[in-house]
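Dropping the structure in here first, questions after.
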Amino acid sequence: DGHANDVTLQLQWVTQAQFAGYYAALDQGFYEDEGLNVTILPGGPDIAPPQVLAGGGADVMLNWMPSALAAREAGLPVVNIAQPFVSSGLMLTCWKDTGIESVEDFRGKTIGVWFFGNEYPFLSWMSQEGIPTDGSDDGVTVLRQGFNVDPLLNREADCISTMTYNEFGQVLDAGVSEDELVTFKYEDQGVATLEDGMYVLEDNLEDPVFVDKMERFVRASMAGWRWAEANVDEAAAIIMEYDETGAQSEAAQARMMGEIAKLTQGSTGALDQEAYQRTVDTLLAGGSDPVITAEPVGAFTTAITDAALN
Amino acid sequence: MTQDPVISARALDLTFQTNDGPVHALRDVNLDIQKGDFVSFIGPSGCGKTTFLRCIAGLETPTAGQITVNGMSPDEARRARAYGYVFQAAGLYPWRTIGGNIRLPLEIMGFSKAEQRDRVARVLDLVELSGFDKKFPWQLSGGMQQRASIARALAFDADILLMDEPFGALDEIVRDHLNEQLLALWGRTEKTIGFVTHSIPEAVYLSTKIVVMSPRPGRISDVIESPLPRERPLDIRDSPEFIEIAHRVRDGLRAGHQDDAA
Amino acid sequence: MTQDPVISARALDLTFQTNDGPVHALRDVNLDIQKGDFVSFIGPSGCGKTTFLRCIAGLETPTAGQITVNGMSPDEARRARAYGYVFQAAGLYPWRTIGGNIRLPLEIMGFSKAEQRDRVARVLDLVELSGFDKKFPWQLSGGMQQRASIARALAFDADILLMDEPFGALDEIVRDHLNEQLLALWGRTEKTIGFVTHSIPEAVYLSTKIVVMSPRPGRISDVIESPLPRERPLDIRDSPEFIEIAHRVRDGLRAGHQDDAA
Amino acid sequence: MNALRTLFPVVTVIAVILGIWIAAVVPMNIHLTADQAARQDIAVTPDTPAERKELSGLSLALQNTGIWGMTYTLERPRLPSPHQVGAELWDTVVMKNPTSRRSLVYHAWVTLSATLLGFAIGTTLGILLAVGIVYNRTMDKSVMPWAITSQTIPILALAPMVIVMMGSIGIQGLLPKSIISAYLSFFPVVVGMVKGLRSPDGMQLDLLRTYNANAGQGFWKLRLPASMPYLFASLKIGISAALVGAIVGELPTGARAGFGARMLVGDQYGQPIVTWAALFGAAITAALLVAILSLIERRTLRRMGMAGAAA
Amino acid sequence: MMALALILGVWAAGWWVNTRLAHSAASDTAGVRLLIPAVFGLTLIAMWEIAVRAYDISGVILPAPSDIAVTFASSIPTLMADFNQTIIKGALTGYIIGMIAAFGVALLADRSDFLTRGILPVGAFMAALPIVGTAPIFVKWLGSDWESKAAVVAVMVFFPILVNTVAGLRDTSAMQRDLMRTYGAGYWPSLLKLRLPAALPFIFNGLKIATTLALIGAIVAEFFGSPTVGMGFRISTSVGRLAMDMVWAEIVVAALAGSAFYGAMALIEKRVTFWHPSQR
């Protein structure tokens, strides 16, 4: 019946190459081959995937681990079942002419940050560096960044958050050359946190039918990722096909796919425990206002990937 | 006076509260009106004629005293559709044509379509507005609007007609004509009529009973029972009885005005 | 008639376009009014009296013909503030008190505050509304509202007074009183007055010239120059000349009505 | 004839606005243009971005008259020039197959369908509430303050919850968006209709009392006709609100299609011209809807004899 | 089943109390006027509380009113700072700017039929510019702080005030206008003494609708970029953190501020349009 084979996936942003693996699996019939009937729900600026999950609107969500762990502490028991993204694409992009060369130079500067559950990596990082984020003279002034790179281009901010695969490209597209910029990758700063992972509600994992369904889903999704990595241009074309807004450009999506592939490269889908621990440690190190206050218990399971990938 | 009065007011008082203190519109008003009476109210402007008529119709609630209509409260009588009321201003609904305005009470009271048509035509004719059925109120002169509002009140044959200066905006010829028509209607139907006017001859010509009021606070200063017969040709207005009554009314009015000045 | 007329209408025509065809409100109206004339307009309701007054005041534009006021177009005269106008309905502004309504033209014409106060008090007294300065229009009876609107038109001493049934809603005593007052004012000031009324005695008592109109289309059927002296005590109304003129007016009116029926 | 009488003034006003717009493009875009010119080795004064940042758009423009032309053709302008927006509109409205996702007509339809459904729901609800408020004392005293309060709740905050809750009971697609649209449009209708239904004066009400008309008759024969001018005024505000609501509702439903999705995606991917075209598309759609309502209004009021009375 | 019965029971009880209050002799006193909506609100809140508890609704989706109250009480300083940023700086400034602009344009439009015919449709066009589109543009132009929010609000409140003012300035009867004409009154006297007073009931209609728009506008515009303070910022960030109790605490602030703003306008309206039939 439907319950055994229907899967709804909640993305965390609009249809773009960041989610190419899932679209590829759908388009190439990998889900169908597993007997699954998959619906992909695009996200948007106001969609909190954990909330959708809690409301029963989806079976699986994609989320950044800081956000998911925070949700877990807030009382929504979500569990990571697979982690296709192995490295982080998050970085800060700054104007070189502001004199920023190292993290210490952030003091007194204005920095654009995404909120909505995506602010945790930045806050943890700053508190590890001992830089206050309250706008004081020796701290940084935080700007709640919208969905575009205008604050940088307008020089309202000295640095903004960018993803390697999306916003950074847009800064370049705006005519800025790389040597005008300084970038700080979270990965390089040792504060990388795990990004797009698959999460489900803990209770559901007690249902063998659901677990079986998820095994098939993860297997097909990873197949989708492999396919997308190998077929960058075709993957971009598939995204264009599923984009209902009709406003995306194929070139941008192809470039994004290329960058995304670097982040998923080498992932089996299984959560790397070391990376998990690093993420947790980063979040716990948040000083006076840590993102999570205690070492999470049961926040991930490898049971599904173990079953799926063998 | 063996018969029970149709309208009976006892020790009626009415005070309006306004931004600069209370206004005593009616003070200790007592009056009995019998079935078939034609009662005119006359008095200086602001003496409470409209207010009293509104009390009879249950549109205003007295502050003290008692009023009954057909043995009921005015409110109950209103619910029994006892009244046809002509307001001092025409008050036609601007979104309805003249015909539509006259049809309004007929629709509300559930007359058949054919009956509605008949009655509208009849009363339009009565007030000499036959050609104006399809015009909108603002396309009519002031007097024509007032006539339309009279037609509206006549259309549904209520037992009690209350008319607040219905002929004020009409010329003498039309006024004479409508006076005759109204008397004829009254003669035919035994309606009870309350009628506010500023014209002494009109009051005397029409009424079986003339109520003279005086102002601040409004009260009844004289009630004159007319000795004139029910059948009244226009030239009765030259008869000595007529002139005699007119004199008494004028004196009453003048007295009211002197009170006022005092 | 050596002097140039203050108001002069030549071959005036006015047709309203309505949803069911044109209405001829005025047809071929010719009239000269001299400075200091007191002209009454009388005629059946709907014959075009209001329309003609509005043409004089530049509130309505004739479809054909010519009208001049003080040698100017009515529009220019209007801008030169030649008119005081009393409308057929009171038309007081609901957001102003009675005093405020009367003060309105004085404010617009730039009278000093003290002058405003004086004049408001004076005209309120003239129309017997002294205590009602601070009341709002809806707190007054119909007749009182009408008197307030007369006061408003008198307050600023225009050379030409146009009054559309100003005394329609008043009782005889007040009416007589205001008639006298108006005559006195006119005698004092040499104003030119255009006055619509439905009362034949009133027209005869007040006017130097009586214009009888007849309807559909509205036209002038008779112009009667009054032989009465300018000084007129109230009892002049019993004189044979008076009755003679009144007769002529009534005949003219009746003729108009017969036309209409035909 | 009548259409012409409106057209000419509108065209005049639009021309004035266009003039201001065109003049504003230079100072608005001059900083971006100067940055770009500098990258292409065109001399600009002052020659570092940090110094330029200190200057206002106007003074920078006056010092660099040579690059004015470039301000009109930027790919990512701060203020697109009218011809850029016009070209995008032309391209996406006329040149594309209306059923294609690249066509603005397709997106207009997506938004419009949610708008119309929302408007219908909102208007119905608004009128019913207004009638309740006017006729029921308890409702009058208790509901109106809460209807007001409901409008002070930021919908964009509630929208996701509405969507999630409806999603969890299996309702998706048009209805959730329309609910948000209805939520915004019912309020002007309530306010206007309450005022309209209460507009009859004392004498008009008294007349019906003398006929002992029942509540229904009072409604159909007096209050409703008297409220017509108010109803139309609020419907015109309501339909604009409904459109805005439908667009707002598109974001938390996954920004898939419609004007809102175009605006968001245009903004996110640095395509201001796409955003502007969608913005104009939405406003033009609203203007058309308002125009249709005005037409109906004029017809209705004329038939009711009220158009002339007002004139 | 029990819960449903309880909820319906609470509703019935609340309605009964209000009906009694509304028809009581004291129903027009200021106290009862406030009491009735309060009872209505308390009834709704009680039903909400019962429903959340009885059906065990997750706090991540809909928190219980009691939880919201606790959060509200413990976050007063944050809420005050947000209120100050969003309502005082953003909404109020924008409201005043939009209002002045609308009056100005209305007076301009009112001077000639030509301008009215030209400006109104263009104004209607502006009203339909959805906040989702205008907010990012203003943030881009004016930066992330309150200035861009004020601009969004000004644009949002402009049209309702404009339309109502223009309609109001024309809502005079023929006789009222004719009176002015007989005085040969020029533009300003007839504006100040006739058309403006006559327009007041309409103008206040617009001003009242605009109060709620101003609030929504200022809050929603913050979704598109803001400093790290403000009601919109807090709401969107808290949604991301699943802190729905905080979201609702902000909504309570918005509701209180909005109702107070609207109430103040309604009070002024009552004072200055006491003469209008709808106020008598």
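We just call them A, B, C, D and E in the order they show up, numbering each chain from 1.
Criterion: a contact is a pair of C-beta atoms (placed from the backbone, for glycine too) under 8 Å apart; a residue touches a chain by one contact, two chains touch by 3 or more.
Protein names from UniProt, one per chain: B, C = Taurine import ATP-binding protein TauB; D, E = Putative aliphatic sulfonates transport permease protein SsuC.
Note that this is a predicted model, so its numbers are computed, not measured.
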What is the minimum number of touch steps required to go from chain B to chain E? 2
Average the CA atoms of each chain to get its centre, and name the chain whose centre is farthest from that of chain B. A
Most contacted chain pair (by C-beta pair count): D-E
Round to the nearest whole Å and give the separation of the Cα centres of chain A and chain B. 84
Interchain centroid distance [CA atoms averaged], chain D/chain E, Å: 17
Could you state the distance in Å from the CA-based centre of chain B to that of chain C? 27
Find the geometric centre of each of chain A and chain E from their Cα atoms only, then give the gap between the two centres in Å, rounded to an integer. 38
Hunt down the residues of chain C that sit against at least two other chains at once, touch-wise. 19, 89, 136, 138
Pull out every residue in chain D that's touching 2 or more other chains. 78, 156, 160-161, 164-165, 202, 251, 264, 267, 305, 308
Enumerate the residues of chain A that touch no fewer than two other chains. 45-46, 48, 51, 54-55, 146-148, 154
Give the list of chain A residues in touch with chain D in this complex. 14-15, 41-48, 51-52, 54-57, 95, 97, 146-149, 153-155, 170, 173-177, 243-249, 252
Which chain A residues qualify as touching chain E in the complex? 45-46, 48, 50-51, 54-55, 67, 70-71, 74-76, 115-119, 133, 135, 141-148, 150-151, 154, 156
Where on chain D is chain A touching in the complex? 31-32, 35-36, 39, 48-50, 53, 76, 78, 100-103, 106-107, 156, 159-161, 163-165, 167-168, 251-257, 261-262, 264-271, 274
Name, in rising order, each residue of chain E that touches chain C in their complex. 173, 175-176, 178-185, 189, 193-194, 197-198, 200, 273, 275-276, 280
Interface residues, chain D side, partner chain E - complex: 5-6, 9-14, 17, 28, 78-79, 137-138, 140-146, 148-149, 151-158, 160-161, 164-165, 187-188, 191-192, 195, 198-202, 233, 236-237, 240, 243-244, 247-248, 250-251, 259-260, 263-264, 267, 272, 275-276, 278-279, 282-287, 290-291, 310
